[in-house]
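Shared between the two complexes below is chain A, which pairs with chain B and chain C, respectively.
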Partner chain A sequence: MDKILRINMGASGGPSQAVEKAGEYTALGGRATTSMIVAKEVPPDCHPLGAENKLVIAPGMLSGTAAAMSGRISVGCKSPLTGGIKESNAGGQAAQVMARLGYAAIILEGKPATDDLYKIHIDKDKVTISVDNSLKLMDNYPLVEKLREEYGDKVAYMTIGSAGERKMAAASIACSDPELRPSRHCGRGGVGAVMGAKQVKAIIFDDNGCKNRQPKDPEKYKAANRAYVEGIRKHAVSGEGLPAYGTNILTNVLNEAGGYPTNNFKTGFFEGGTKISGEAQAELEIKRGGLATHGCHRGCVIQCSGIYNDKDGKFLTKQPEYETVWSHGGHCGIDDLDTIAMLDFLDDNIGVDTIEMGVAVGVAMDGGVIEFGDCEGAIRLVRDEVGKGTPLGRILGGGAELTGKAFAVERVPVVKGQALPAYDPRTVQGIGVTYATSTMGADHTAGYAVATNILKVGGDVDPLKPEGQVDLSRNLQIATTAIDATGMCLFIAFPILDQPETFDALLDLLGSFYGIEMTGDDVVALGKKVLTLEREFNKKAGFGAEDDRLPRFFKTEPLAPHNLTFAVKDEELDELYNWS
Partner chain B sequence: MPTTADLSLQLTLKSRQISEFFPLLQRGIWLPATTGCSVIKLLSNQLGIAEDYVADRITTLFLDGKAIDDAAASFVKDGSTLALSSAMPGLVGSTMRRGGHLAAMRGEITYHQTKVLTVGAGKVKIKLFNMLMKEVGPLLLERGFIISGAELVTLLTEGEASFQDGCVSVSVNDRPYSCDELGGKLLTILSPQQTILLKIIWKD
Partner chain C sequence: MIQVNVKLFASFRIGRFDREIREYPQATTVADVVKELGIPEGEIGILLLNSVHVDLKRQLVDKDVLAIFPLVGGG
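== the complex of A and B ==
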């Protein structure tokens, strides 16, 4: 990965392309690459859908190698949803194939002067940018089917559906999985709208004739990969819980904790929780001949996904994630797995973020558009309104904040314009700090359960004392930013949290591949550097301390059953970015 | 839910039928128990779950909706609900973990014992999630649990075909019934208001 492909969609006479050396971005990946390029090249006050914004695509540091769990791809830009910097990542095959082609990043910039729609085919010899207006307003599943007729099955696709073309702020970018289904999405922040603004419908990565990237120290690398995989397999979360039930294993536990936001954050317990739990979902998937265990990309050891078939045993969608089951389920008062699975498929097909879409529908329910628990109504809103780009669909596809304004809803769960995920911050106050202060807007993956204890980011915090929420969140955000930069799947967090030898194996894996010695301090320094750049970008884009806040209702409306409000003070939140 | 039952039902089932009880186990089953003791005493001494298993495998526990950090210093009262889970993913999964590094993030819902409880006969609702349904579920169902007539009818009706398929024997108040009567005649003798002590005997 020693080169960067720069495509100027607005060049006179049609899109132009140039290949540059990776330079300062060599030996970086994922969020580090996207955020550094965006911070350096995009004017923070530009319009997110204008020619000055850039869409940066970067695989992880170990993508395209034999390293397990290395297939995340990051997409960065100025977000049309938040107005701040954005990095959104996904699984699927794109990262591995793009990395084998040797690209550390692809930068889409400018904007075409005409209304033509483009596709970009990249193989080892050349990059072909061509007009294909026959793809206009196609949704992801039929789009990929059509592209397969031309490009075949031994490629990876990154595409946008109709929502991206319509530049909806909730639009996602789909990455095809090993079965070539467009089911893995860079979902958050409206990155699909930016690709739509560049008028790029599809990027096809073809690594025919390319080999896996080779490590500098093959023996050490092989040993490190073995130890790393063993560590993942032996851990109860990555080796058992996630493969058996997927991320939706969390529904029962969050519900039991009274932290499962229900009916647009009105209560923390959902009566129908057990009907849509990961346990119920896995049983149903197996019963219908689907799969409860499935990987989103080749080289995945954890296999947290699955295949969800309909009542007739036909593929309906990939296994919906916990956040999706929540956003379209409990958040909307819906306790029917088939409805949720259909909504998951519609989101993937139209190309919208499942969290933003589900939360927007729930807010619309609160605004009286349809009733909570209305399964058919929810499907109708997504399929017939968002999918067809009606005025109502454009409001919903604009995200939860816009929907709240349109229907005069007071309780709108967003931070920096981005919808909160599936954990109520009144019950788990530490995650509320991350929601409030993340550079990305409300994001459950911004401060993940990364090994801050092993990294010693910011020192020790007593786990059994209630103080230190801000310290914990800060440490987690720094460590998570660093993991995002490696492009490794975040679910490796659990074995490296609990098993120091697995964390060491990860460092050895990175070090032996690049021929450098990596330490925990290096990881922390990278995390801080990236977060600082992102924070500076947001400041220049107009964000201040007042934007690092949860919506006021979290402070004033007690959440049943524990009757808690969010109690972390504003002054404490303002301390989050104070680090040496 | 009373601690005694109106009638006693014993089902002998093939062990693969355990999955029919998964929805019930997630919602929780009422077990007769001596209350006023610690969670660890309840699980190990009364329910027969090995202490090592509790320590290593049951890593996430909620007592009446509050996360437990110390099973020896958390006490069940008559009518308590105890939810048990293996290790969870995600930030919040890690946060909920017993005595975990991130426990401070959910300080507001952490269990703290406030008063001494009286020891006595009572009942406790146990909920089992994820891996524990398969691993602990058979043991608890075999001990016997109290279920309402309405819930039992739902259980037998929804899983009728599977229960018929896996049924070895049935007895009500020690009187044997045919497995064919499981979904038919047996349902007619149950009223929704009744409480039933249901024991499941597992046969490989």
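== the complex of A and C ==
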């Protein structure tokens, strides 16, 4: 990955392209690359949908190599949802294919002067940018079907649905999976709206004639990969739990722990939880001839996903993730898996973040738009309002904060304008610290304290008390930022937190690939460097300490069954970025 | 005797049950329940007693709700 493709969508006479040397980004990847380029090139006070914002796409440091689990792709920009810096990553095939094409990054900048819609095809010889207005307002599934007629099946697609074209702040970018389903999304923060603002409907990566990227030290690399895979397979979480039940295994865990936000964060236990649990979902998937185990990209050895068929045995959607089952399920008082699966499909098709969309619908329920538990109503809101771009749909598609304002809801679970995911910070205090302080807005993946608080992986910190949570979140946020640079799926954190030899194998993979010595300290230094850049960007964009806070109701409304409030003090939150 | 609502999850359900009200003598510990159910201690990830994490030594009382999970994760 020694080159960067820069496409100026706003060039006079139509989009222009230039290939540059990757320079300082050659041995970087993922979030490190996107955040460094955004911090360097995007004015922090620009309008996120304007010509000055840039959409940066980067595969991870080990993407496109033989390394297992290396298929994450990062997309960065100034977020239309938060107004701060954004990195949103996804699985699917795009990272591997883009990396094999040799690109460390693609930068989309400027804005077309006309209302034409573009597609970008990239193969080993050339980049073709063409107008295709026949794709206008198509949603992701029919869109990819149509593109396949032209470009075939041996490519990877990154696309936006109608929500991205309408520049909704919850809009996502879809990445196709190995079966070419547009089901893996860079979901968070409205990156799809920025692609829509650039008027790019689809990027097609074709690596025909390209080979895997080759390591500097092939022998060491091969051995490291073997040890790495072995470590992932032998850990109970990545080797057994995730393949068998998927991420939705967490529904019962969080519900039993009293930390499952229900009916828009009113209580921590959902009566209908068992009906939508991972156990119930896996059983139903198998019964209907779907799959309870499926990988989102080639080279995945965890296979946490699955295939969810409808009651007639026809493909409905990929296995909805825990976060989706929660946002469209318990958060909305909905305990019906078929409804949730339909909403998951609609979100993927329209191209919106399932977390933001589900939370917005729950907030709308709190505002009296429909009742909690209204399955048909929830489907109607997403399919007929968001999917058709009606005024109500644009409010919902603008995210939870906008929806809360529109319907005068006091309880709006967002930080920096981004909806909270599926863990109540009053019961899981560590994740509350991450929600409050992350540069990304409320984001569980930014520092997954749930592992240590609830799952007892990588240590044990009492979830119900404020003590130790800031240190925990800080360490996890630093480590996660580095992992997000590698292209590795975050679920490798479970084995590497518990098994030092698996962490060493990852360091050896990186070291032997690039021909350097890689230590734990280097990983920490990279994480700190990127976080610091991101935070500086946010400061210049207008964020201060007062934005590193949870909504006040978490401090004032105790949550059943523990009847606790979020107890980490503001001064402690302000210590998160004080590292030596 | 005491009555305990025992809930099992994920792979622990296989060949056992999802949830059952079970009777135990006074002073029964979490470890006793786990042993009686034939669950290897090393496979246990999370033990929640009335929604609070506990260890194997905890003594149970009447009407307790005990949830037993293998090591699981997601996110």
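Of note:
By our rule, the second predicted complex is superposed on the first by the 562 of 580 C-alpha atoms of A that agree within 3 Å, B and C clash if a C-alpha of one lies under 4 Å from a C-alpha of the other, contacts with A are read in each partner's own complex, and residues count from 1 in each chain.
We take it that a contact is a pair of C-beta atoms (placed from the backbone, for glycine too) under 8 Å apart; a residue touches a chain by one contact, two chains touch by 3 or more.
Source: prediction; values computed, not measured.
In the superposed model, A:Glu283 makes contact with chain B only, not with chain C.
In the superposed pair of complexes, A:Leu472 makes contact with chain B only, with no contact to chain C. Legend: residue contacts after superposition of the two complexes on their common chain; A:Tyr322 is shown touching both chain B and chain C. Annotation for chain A, partner touching more residues between chain B and chain C: B.
Touch criterion not met for A:Ile37: it reaches neither chain B nor chain C.
In the superposition on chain A, A:Asn248 makes contact with chain C only, not with chain B.
Of the two partner chains placed by the overlay, only chain B lies in contact with A:Gln429; chain C stays clear of it. The intersection of chain A residues touching chain B with those touching chain C, taken from the two complexes, comprises 235-238, 240-242, 244-245, 247, 249-250, 252-253, 256-258, 274, 278-279, 304, 322, 444, 448, 462-464, 491, 494, 561-562.
Interface residues of chain A facing chain C in the complex, by the touch rule stated above, are 235-238, 240-242, 244-250, 252-253, 256-258, 269, 274, 278-279, 304, 321-323, 444-445, 448, 450-451, 454-457, 462-464, 490-491, 494, 561-562.
Interface residues of chain A facing chain B in the complex, by the touch rule stated above, are 235-238, 240-242, 244-245, 247, 249-250, 252-254, 256-259, 274-275, 277-280, 283, 304, 322, 423, 426-431, 434, 444, 447-449, 452-453, 461-469, 472-473, 476, 491, 494, 497, 561-562, 564, 567. Per the touch definition, chain B reaches chain A in the complex via residues 19, 22-23, 26-27, 57, 59-60, 62, 65, 67, 69, 83, 85-96, 99-110, 127, 129-131, 133. Chain contact summary for the complex, chain C toward chain A: residues 7, 9-11, 13, 18, 43, 45-46, 48, 51-53, 67, 69-75.
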